[in-house]
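Have a look at these structures, which come just after this line.
Each of the next two complexes has subunit A plus one more chain, namely subunit B in the first and subunit C in the second.
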Partner chain A sequence: MGGLSLNYIMRRLLVFFLTLWVAATLIFIIPRLAPGDPITAMVARMSQQAGFVENADLIIEGWKERFGLNDPVYVQYLRYMGNLLRFDLGLAMARFPSPVSQLVSRALPWTIGLVGIATLIFFTVGNLFGALLAWTKTPKLVKVLIPMSMIFTSIPPLLAGLLLVYIFGFLLDIFPQAYAYHHSFRQPEFTLKFIGSVLHHGFLPAMAIVLVTFGYWALGMRGMMVTIEGEDYMILAQAKGLKPFYVLYRYMIRNAILPQMTALAVSIGTLVGGSVLVEVIFNYNGMGTLIFTAIREQDFNLIQGTSFILIVTSALAVLIIDLSYPLIDPRISLEGK
Partner chain B sequence: MSEQRETGSERVVLDVDNLRIHYATPQGDVIAVSDISFELYEGETLGLVGESGCGKSTTAYGILQLVQPPGYIVHGSIEVDGTEVLNLTEEELRKFRWTGLSLIPQGAMNSLNPTMRVKAQIVDVIESHEGKANYESFRERLSVFLRKIRRPRRGEPLKKYLGEWLRNLTLLLRYEPLKERIFDLFQAVGLPNRIYNMYPHELSGGMKQRVCIAMGVALHPTVVIADEATSALDVVVQRIVAQTLVEVKDEIGVSLIVIGHDMGLLAQIVDRIAVMYAGKIVEIAPVENVYANPLHPYTQLLIDSIPSIKERKPLKITEGITHDPRNPPSGCIFRLRCPFAWEHCALEEPPQINVEAKHEVACHLFDEQFEERRSNAFAAIANS
Partner chain C sequence: MAAEAKTKAAVVAGGTKKAGAFNRFDNPWLNWKFLAGVSILGIIFFLIFLGNTFWDTSLALNASAPLNLPPYGMEYQKGKNNILVGVPEHPLGTENSGRDMLALLIVGTPRTLGVGAIAASVGMLVGIFLGFLAGFLGGWIDDVIRLATDITITIPSLLVLIVIQSVLGSVDLITMALLISMFAWATPTRYIRAQVLTMRESGYVQMARLSGVPTRNIMFREIMPNLLPYLAASYIGNMTGAIISAVGLEVLGFGPQRIPSLGVAIFFSIEAAALLRNMWWWWGIPTVILAIVFIALLLINLGLDEIANPRLRKAN
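Right, the complex of A and B next:
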């Protein structure tokens, strides 16, 4: 029978945790491969700005001790892993003494909201357009209009974002150019006015992601639909005299969407990467902007923490898609037996 | 050969007239079906045989209006119970499908939608032609449910009590008015009820084929066309499924066209046989006549090449159609492979000649004016 087998769930969970472990380890190693160390770099920058920092050597030594950078590498690694398990991501040096986890927990919901909604839109629109492109009963006009809507496909999200800001934010001035909500709100609140402001501010960044992405999904879907159209069961569906619209969604889209789901799981990493840049353009209060700040300030703790959390979130999204796959494809759990 | 089978009435349910179907290719049109005509009588089983590539499936798809591009119907007429199929509008055709003509497809392995349960694929065809099954309202079912629930009896096993509870609850939540009807279909084709909720990939090849048969007769169509319905199965299952097909056909009372290339298997189940060669019907006759007295040289070759377990004989038939289907030879379509061909065969296309009752053959040898040539030719063959 279709559905989730325990074996399948266990295997996916294993892959999930393996991904996290590899990611955490890489995040630990990479900054340590670079020459110099963050404390020295920071103090050097401070002295550049102030002209002179008193007792610079002492400060560097003290902070190194404080952050445990003098311990042997394996001790640092174990402590780092132990902290991760407790979701203790350390302190952000750039915004001392805010804990990284606090900064992340403020930014993450915005990114999840933005990317989640954008994904929902481009996946739905893309697949629907693709299906309509391939369907033999689609009106001619629609088949001409859809490809025209896909002109943004394949330009980088960064450029699309800039273009949108320029046209709608600057020239037409109908959408705000930056931030996730209006500055008159001191902090998020649960009112209609606030939600309206969030939607107003989120529209352009979401569009920047949707516009450059949905064309790929439409083309992929069209390819899948054409393949499905040649299947034996489609001839039988035609012979059965089923209603055309029913055949479209129950026989064609239902089967063509399965590989699209797999493709979505695979593309989530790229998607998140692209949205980081979009956030930076719009100065959106999400993870992208936070990472950007972290990199600009050379705050290693913050870079590590934000990267790790983004990877966890992406892996989690992949896990959810993977786990929902057997529910939509009855054949898949066989493999897990 | 098989015992005399009842040939049903003389009422024509399917009348194919001068049907021609081409496939457009860059090098010119492939003539897949070339001006064929035949009739199917009520309650009858007609076999359509011929080598692969001779146009059997295309004929079937032509009748069903399912010819896939680049194929197209050049001309012809297909009447089912007096309705001209080619004149139907798109929506009329949709409604006509499966009630007038149904198909048991060639590739049963892949002919079921992999993401739909067996029941849903039968339900959808019933509901799209008969409308949504008459669902009892939830309130009615709720009152039945409330009437049925009771306290456990003293000493009653808990499992039994809970089982009954669960059944009632299922009836309340998932009322399936077509279930009994589908079970009847399953029984007719020898399928166990347990496959009702299964997906196609959970069935064996024979089971899938039976599902296709059950589906094909679900609406009691006028004509059922089975296109190599058993070819993908192993030999034993082939015979059993073919037998099932005939039984169901008799039980439900439809007319049947069985397409195949296995003359032996067809002999067991059909009343009449039409032999096709390169898009043409070269001989059509009651099954006993074809086996006892094959007339067309091609039919003779086919019958001769049925393997026999009693004797070993060299195979006379050579492989495949020899001419280019875009550019058929002049005159008789078979003349390039025919052992009896003479000049006249290249000049004129042989007409359908009625040799005896219901027995037609398209070969010049059976023209009265060439009678002498025929006797000589057949005598030579008999002597060799």
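Right, the complex of A and C next:
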């Protein structure tokens, strides 16, 4: 890692922190741009649903005081930023008095696990399939079968989730329809049985993401491989009489994988959005379901906090991918030296 | 001498003409993926047109039809002794609050596609503008635009949209499209910038610059036409993304509730546990229609890719 150029790291870190700042500021500004303030809006919605709220004015005043909405905007902004830096996301209004950070810390590992494992699978499978599609030595049958398996590509994971849960969860009843583990477990534990249950429950949601995503990577990889096949060093490799597998791995895949890594960093945002919706379909115990319930309970604090933490997590994932990029591409580390 | 030059020109012209004739079946736009995708979308639009002409679309409103009917020719067991039979008046069945599924599809499909088209168009226009600006001018303008693009791409747009919509409540489709387009400009900008950077260094642009062609003309007369297939592919990709965002927001319950689009129909079906009640037609038909739309868009996109990139074409 000694060769990592300072310029490159600084730029990545700048993007990371600016992303967090922009996201936090957006989340701060948005509710204040809407007519009225969030508290009045919330009480108005409550009275709309219930028909009447007793002492609405008093409630509004009390909450405004409690949340400091009577202070000047810049004071509110500084306080908000200060709280975020300490990961103090406030309290969940609808599930008073659980702090948002507590609810989030319970849900986040599940989402990271689901998205992480799904990403690992579709990135590996997609790139492998793409490489096989373009490679001249691939058997004919494989070249026919792979495109057929890519039929679901580009459908949103959410819709794939619906179809999967209907076919495998409802009609065939071989996979559970909801939750991240069996309800007989009161809380997560480190036993083989529990891990089995988690895998059993996680299979369909992960498949919903993988099935519709790996095709993209296969197509991207194929495009890169086709370009590389026209390069001069490929002719040299053949002329040298190198073994086909060695050429495939060392000359083709290693070069083609670089843009794929960049593409992965770019696609993290979309990926996280998609998995949020998949979780809603499967009622998975992650951030997506937490956001969905928060939307239903109109718990604005919880929506804000959950969204912000997910944005932080995505930005962190992008940062990690970007910083590990020089490890596989030695050219980057020489840049700026 | 002049005659000789003339015959030479004629030979060259004849030669190119011959090559043209030889290439008539080699027209890159006769790409099966592109044509298949366009045909599928065409058929969908034609069916929507037929439906609007021959079907009563007001049946897409609440309580305009009997509840929970399965598609025609099917039976649906509701409760122990209550078997509902599909009727020809509602060939695709009806849902929980008395909407006719066929009318819902006729009304909902163009609305869903429309959100995608509007958001993608706005995003694309901004993307073309910023992409050209960054790629052509370079310097600090390029730095700022690149930074803004990187940040926008890193933030999962769905989450910010959720925060916005949870304040605004359910909005009409135009507003939703404009909200989505706030994030739909970044990918085209990055893409177009990269293409412009490559083109800027190519021979014909250098030539034009040396000939003193104004920058504006180089951008729009020289580079733009060569970018068209890329722009088209980028637009289609953008539209896919926008529809995915819109459907996502709708499924979370942020769509317009009175006249539903496809995503809103899926939201209602999830709310009513249609999956567990085995009312497959309620969520299944909108899902399949959406899936077909996405497959068509992907085919168009792949086709355009091959049209833009001769190497990919050769590989087939």
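For the reader, a short list of remarks on this structure follows.
The rule is simple: the second predicted complex is superposed on the first by the 314 of 337 C-alpha atoms of A that agree within 3 Å, B and C clash if a C-alpha of one lies under 4 Å from a C-alpha of the other, contacts with A are read in each partner's own complex, and residues count from 1 in each chain.
Heads up, the rule we're going with is that contacts are C-beta pairs under 8 Å (C-beta built on N, C-alpha and C of every residue); 3 or more make two chains touch, one makes a residue touch a chain.
Just so it is clear, the model here is predicted, and its values are computed rather than measured.
If you put the two complexes together on subunit A, you find that subunit B and subunit C both fit without a clash. Once the two complexes are overlaid on the shared chain, A:A237 sits against subunit B while remaining clear of subunit C. Of the two partners subunit B and subunit C, more residues of subunit A are touched by C. In the superposition on chain A, A:N255 makes contact with subunit B only, while subunit C stays out of contact range.
When both complexes are overlaid on chain A, the residue A:F17 reaches neither subunit B nor subunit C. Using the contact criterion defined above for the overlaid structures, shared-chain residue A:Q298 touches subunit C, although it does not reach subunit B.
Residue contacts after overlaying the shared chain place A:F245 against neither subunit B nor subunit C.
Taking every C-alpha atom of subunit B against every C-alpha atom of subunit C, the smallest gap after superposition is 6 Å. Across the superposed pair, subunit B and subunit C touch subunit A at no common residue.
Within the complex formed with subunit C, the subunit A residues making contact are 14-16, 18-19, 22-23, 26-27, 30-31, 34, 38, 41, 134, 151-156, 158-159, 162-163, 165-166, 170, 177, 219, 222-223, 226-227, 230, 266, 268-270, 272-274, 276-277, 280-281, 291-292, 295-296, 298, 300, 303-304, 307, 310-311, 314-315, 318. Within the complex, the subunit B residues that touch subunit A are 64, 66, 68, 93-99, 102-103, 105-107, 109-116, 124-125, 128-129, 197-199, 201-202, 212, 215. Per the touch definition, subunit A reaches subunit B in the complex via residues 1-2, 231-233, 235-244, 246, 250-251, 254-255, 258, 328-331, 334.
Those residues of subunit C whose C-beta lies close enough to touch subunit A in the complex are 147, 150-151, 153-160, 162-164, 166-168, 187, 190, 240-241, 244-245, 247-248, 251-253, 266, 270, 275-276, 278, 280, 283-284, 287, 290-291, 294-295, 297-298, 301-302, 305, 309, 311-312, 314-315.
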